[in-house]
Amino acid sequence: VSVETVRVTLPISFLSDFGHADEFVGVVHGVVARLSPETHVIDVTHGLPHGQIRPAALSLLRAIHYLPPGVALVVVDPGVGTDRRAIAARTEWGYFVGPDNGVMSPAVAMVGGAENTVSIENSEAMIPSAGATFAGRDVFAPAAALLSSGEAQLEDLGPSVDPDSILPLLLPLPKAGNGSVQGEAWWVDHYGNVQLNIAPDDLRAVGASEGSEMRVIVGSQEHAVRWVHAYGDVAEGEQLLYTDSSGMIAVAVRGARADRRFGLGDGTAVTLAVS
Amino acid sequence: VSVETVRVTLPISFLSDFGHADEFVGVVHGVVARLSPETHVIDVTHGLPHGQIRPAALSLLRAIHYLPPGVALVVVDPGVGTDRRAIAARTEWGYFVGPDNGVMSPAVAMVGGAENTVSIENSEAMIPSAGATFAGRDVFAPAAALLSSGEAQLEDLGPSVDPDSILPLLLPLPKAGNGSVQGEAWWVDHYGNVQLNIAPDDLRAVGASEGSEMRVIVGSQEHAVRWVHAYGDVAEGEQLLYTDSSGMIAVAVRGARADRRFGLGDGTAVTLAVS
Amino acid sequence: VSVETVRVTLPISFLSDFGHADEFVGVVHGVVARLSPETHVIDVTHGLPHGQIRPAALSLLRAIHYLPPGVALVVVDPGVGTDRRAIAARTEWGYFVGPDNGVMSPAVAMVGGAENTVSIENSEAMIPSAGATFAGRDVFAPAAALLSSGEAQLEDLGPSVDPDSILPLLLPLPKAGNGSVQGEAWWVDHYGNVQLNIAPDDLRAVGASEGSEMRVIVGSQEHAVRWVHAYGDVAEGEQLLYTDSSGMIAVAVRGARADRRFGLGDGTAVTLAVS
């Protein structure tokens, strides 16, 4: 007899702002393991800034095409303990489970939109709490586990909601004009590289191209920076503009932190101008 | 032929103060994977304060009912390299493996006590070290892996110990009197919420109930705080008392850190008084 | 019918300097899970210092014998975006996948050297990027996953390289003389213990032995320290020299941080002298 084992559970990709100091992440893993022992849970990141929706939404957006189709479990939830809804959506990629605060909206849109979204209200799909609800543990983790194992269908979790009632997330668009593009920093990574909300096509539309000499303007400071392909095109310690691995324009310094050199943080206004 | 795969290994839930800067966590995972490749290891947390027993014991206590029955592997071990014993206990929940320093005692008691506890002394169940023993790697991880795979019974690990010889952990009890309860902060979480060693029943016993106006007294400072159900019952930026998701009274600020506003850290004395 | 499930994929042991703030670690897990859903990925550590090769190489070296034979995936890659090669090596232990910058060289040597090393150049084994290559995600993770699942042989990844062209990592050797050994600190762990590049045999060669009274000389400071077996041999708060769990001489303080007391960081020169 030849047998192949088929993993019939869907993998769960788990993002949160829980950090690693407390047992929050482990408790969510525990709840999933109790309900669906075979489920593979990928910790995408738990280091997202506390209760900030945009950075979490962007992180999920950058990651989604690299995660195995299954369940995205997203717990960045500044509205926990208020009447914000807990939702679950079915898409072509798989399921999204998290708060209705916009954090999942860009990624859901990226994978083609939701076929159906429900408000998680079925108490049979939840874990009772000794006190205030710890939504990650009591609501979102069980929903994700039940969808992963197939023990629940999306519609078992609660009533469908009007798609127009789901909170979107408005991402800022850059403005072009007269040889320059005004945008903002929206991600400073662990290495100090700074991704802008500016795409290569935005720069091309004002006449720049890879190889162009540019100016990066932050407040009253101007910095001369060349738009290159990769780190290797500049010397150690030199600054560069490049299309980063998610396809957006980023500011970096080879071997050092660009956020410090340019004074950039999440949301800082940045103008890129052709020199 | 229809076949179901049964995971015959017990999951291991692993807590430590190892942090994430070194390879300690990974090496423990490696040891488990070498001895029992199919074992699922859940990282509950590795961010526990260095060598502090009470925070680790409380973390395990809060988590235990959410972890899948199996093996709890607990490595917060300020006495490593001394003659403190390494122990393993069998309970109704599963096994507990760690140092005999009290860190596991509250959780073991919570799940009904130990049926048997052994001192891990069988060198065949250990990994020899090139130098000083790294107990997490050389003693605790192999014991947990062998219990997980079923290759060892608890009694194979070493001789049973007198239950009265196992170090307990005395958790401080609050004192009630005259419309107030005196306790202490015993957990500041990642968000700055502060759990006290005071249960809702302790407050009810002095005449308070959900909805009561209370005073939180820390040193010479008094703060007016209402006991509410959840964050949503106060405005953004307002402080609250509530029964948290582990069933204890906690001090919080909606959208901000209560530890900073109230000057609270692990062990700070706190009095809650009915206004 | 009795059936045993055999995990036919090789485990991947993954080290990086990605940190936990971004989704980098999760994206690599995602890529592996998409290509090889059954692969077990062990996170050895992602807290290695940014772009520093020696600490990462030493971490891998300390860990390798405790990791399950399979694939070591090492992403500490200050030369990303330059023309440094991406390589994969086959050894008796298993495969090593990472940059050709020396980070894997000591561990490869430790397990007996490489049977063959290839330069990863086959674009069919890579993931196309929307911009700059994120080598961990686009090159190293797919290579590791394909080796894990057996879908690729090492030689499918690219052409073999001349072993002499692979970057070695020169680890500093201590110098002995006249009752003392001059070395350096090369690892400060999470607890502040400081491992030196000095082995017990180096001390024995100058006449010391366990139990000897020694002097630890750092700059102009001298500290009297006894070489003992373990923490338990000194009182709380006292300093010690001992052979640590990787078999090297380390400086520690029972219950406190030795790096602070002795003023030691990665690379600090340290002389150990017999008193």
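Things to note:
Residue numbering begins at 1 within each chain, and the chains themselves are lettered A, B and C in the order written.
Quick note on the criterion: a contact is a pair of C-beta atoms (placed from the backbone, for glycine too) under 8 Å apart; a residue touches a chain by one contact, two chains touch by 3 or more.
Note that this is a predicted model, so its numbers are computed, not measured.
Bringing chain A onto chain B by least-squares fit of CA atoms involves turning it by 120°, to the nearest 5. Mostly differing positions are employed by chain A and chain C in their mutual contact, as under half of the interface residue numbers are shared between these two copies. Between the CA-based centres of chain A and chain C the separation comes to 30 Å, rounded to the whole angstrom.
Residue positions of chain C touching 2 or more other chains: 1, 3, 5, 20.
On chain B, the positions that touch chain C within their shared complex are 1, 3, 5, 18-27, 29-31, 33-34, 37-38, 50-51, 78-83, 127, 129-134, 137-138. On the chain A side of its complex with chain C, the touching residues are 1, 3, 5, 7, 11, 13, 15, 20, 40, 42-48, 59-60, 62-63, 66-68, 189-191, 200, 229-233, 242-248, 254-255.
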